[in-house]
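Supplied in structure tokens, the structure appears directly below.
Read from first to last, the chains carry the letters A, B, C and D; within each, the first residue is number 1.
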């Protein structure tokens, strides 16, 4: 038996106010839903409340839709945003890549063995290189090259893939293009990027060369939601690996691959399990 | 503002049953207590429920005692064991040591700067060596030597220190004596030990020599509640450090010190914050 | 430029004795070989000397064979065992698997992008399941089922694959069969296995269930050379991941997969780079 | 027996050139010095060579001074900078602090138990608060308050303490003053600072508040040599700790303390063991 095999997830957030927990837990009790895991956090500084409940309905005739609508009227009083997720839900997803395949290979492996509850609808790339990898996993591959001149059209094509497949999530698995502000806006809160994280933070080109020059002893990666500041959106997960002086820039890049794969998979997993709450420029990740 | 500066903690456990969350959260709402952090877990395999709530009373005339008694009558229906802890509560503690001082030094530092909400009532040792360290922190030190013949009496003396000071917690900070089963029994659930954890597990004497012979690449430590099997009680926290072939047994021991300090401090911290629930041979640690 | 793109490796070991370093470094100087990285370690407890040098020949007419033979006569005086490895050497390898594919998938990915200098000659399994994965990477797959009755013949078949392909290395990437003592003997020092490492060490069946019962907070893995004690051979690399009470046995298994992949890849990488020296029941790993 | 109890250390660096290793190892052989550990690295990008040898003289009449002078004439040919360090050498050290005592407490503990081969000559602070801690360890304490107007004089006083005590190393253990460029210059390569390292890097005031706003999942620390850019000098060691959304800025600060202590101690330890080679803006750390 694994952790969430047969549980529904209710995830919600609203402004801080007395009764926010009670409105959720009382309703679950009334509906005879058995809570297997519950986490809430109230952020004093931003005065924002976040809650996530995993539960098993005890009634045979439990209906998600009925539950959803009934809870909506309760939640309204608190202006609570919420999402109800059934057990076994596989989130429709489009993955964007360029040429580097380490993150894609890792995600597709986890997808294939059922470790990540994704329903991958398409792989999109501005290069044709990764088509065979997608094909081996039986996934549609869209080769959408881009130049500065065609950027707007290409993004429109990507958007069309996302919409036509009904994807709810977009993963930028080393997609080496900066998305336009408009595209970022459209994907706010539902597009996850992976980015190297180096200490200290290096701006500009060739970050691994800069890191080498500085003699860093750690390389890291951050999985984050994209926003207008592509590599600086709200952080979901971070990881690091040790390195030393004998790592030339190319070796740092290689070392970065492992930690990018692991950190992206972790961030995506938290998102799929509805653990991640986005509020302003930061996230709250419950029960990870 | 730090995390728990002004919050009460309600921690409870009982058998799994519909309504266990609701009985807690509904009561908190009725009492106008604002929940800042809430975590519950229902263990399917052991069919046991655990919950921990941090909350701020909103009423000026909130009285912990009244709250406690009123909740007790609700909890009774679920045969729920619970504990209510006020903000700023400093847990009365006795620390047992032998000659090694690394864990004691670390604990006393954290105690002195207020990082661990301890009220250290006494330091007890079977050797006189650490008396100056205790004295510098203004702590009573009891030198209680022990031989195989005097073990029963010495344990009775330790027990007397614990009782006379009203200590609720005992920390074995590298106390190199095996406690008698009777003593373990008396301290069940309120005595935390730190023990090396090596991969693979080595039995018998000179574990670091065995680890060297095996060429281990990691050394670790476990903080755990003591039970009859002194070094194998329910685990609260674990940590590891990397080592290599150039670490002779004595170097492994030195490396182990850091991870022992950190892991013991972490385990004690979880206990003091009422995050640790003991059930059978294992623990549940909520919201760490 | 990556670390070892154009360097030869000389790796040697012998009994401790004055002049062991000098015999190597003086020869390299005489041969006008430029040492880019050098590591030696003399183990006092076992009185054994280990050395590894990466170097670039400065002469255009450098000949590995000549170098090897000339050095052999010097090394003879110290009864030094040594190995000379040219740049870009890809070690002939056979991979053994059963049904679980996480380690195989990870190894084949690293192989495909050239991160591990392997020359994979065959994948062998006692189950047919992983044939498509091997096929996609263009690798021969040998399905060699085994029963208690046919174990000796099946091992002979495996041995034949190893010999006929000239493989120097065997990787047991979650091969769930215990090899016979004779097979272990034949593969001594050139077969790497990956095994879970749990704290404390659990013996017997269903280790992850035992770990759950104990409430472990870490799960780990060890990459090691096989010997007669299959899961307890000399350790090459070890890794750990954090877990908590909410990880049921199946979740622990899932968590173990990532750390198994990473640790096996690290162990194999050290072996391929001739960093690992086996002596008695332990290893020395130089310059990792 | 610990690792370096009776070994001398020879550490050297020079420009890359054929024969740099040989000049060291041949000399050690001639002097009948037994090398227990040897590490060299040749940095291709900066074309710089670094070597560190631990060795035991086999002759009873070994004289460090004679060795030093004789080697100097060999090393001259390579314009090699080198340092010879006898076994048991305790490096004269001055520690600078302000009010925060976590790093000082940790260093003094390691000093007291002999884990760090320091000879602490004085503790200097711009605040009187840590005098009792220094006194308990029997160390001279200099209270040297500073204002913008008196900065030059105060630094002169610090310099006088360093010189009059013959200290070779200065540790800035949370000394919250920016040193003048002239002072940095004077202490180049022999003053180690500890600084938080956050991902992404935050500039300006209140870095932990910025980290909270960003929702970081890791906090880190770097031990580095100071240079004109106080918090950005060549890195010796780095470490990280996990955090989450429930860490308010003050909690991040508390979490940072542990990793600052450990990372500073590690950096100082590498320096004292003559593992750290400074070249340009980066370090090479051999055999750690």
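Everything below uses one rule, namely that a residue touches a chain if its C-beta (ideal position, glycine included) is under 8 Å from a C-beta of that chain, and two chains touch if they have at least 3 such contacts.
In this text, all values refer to a predicted model and were calculated from it rather than measured experimentally.
Counting C-beta pairs in contact, the pair that comes out ahead of the other among A-D and A-C is A-D. With chains reduced to the mean position of their C-alpha atoms, the one farthest from chain D is A. Separation between the centroids of chain A and chain D, computed from CA atoms only, is 41 Å. In terms of their C-alpha centroids, the spacing between chain A and chain C amounts to 35 Å.
The set of chain D residues that touch two or more partner chains comprises 1, 37, 41, 44-45, 246, 248, 287. Contacts between chains leave no pair untouched here, as each chain touches all the others.
Of all residues in chain D, only 1-3, 37, 101-102, 105-106, 109, 113, 115, 136, 246-248, 250-251, 254, 257-258, 262, 287 touch chain B in the complex they form.
Note for the complex: chain D touches chain C at residues 1, 18-22, 25-26, 28-29, 32, 34-42, 44-45, 51, 58, 287.
Chain C meets chain B in the complex at residues 41, 43-45, 197-202, 212-218, 220, 222, 232, 234-240, 244-246, 248, 281-285, 288.
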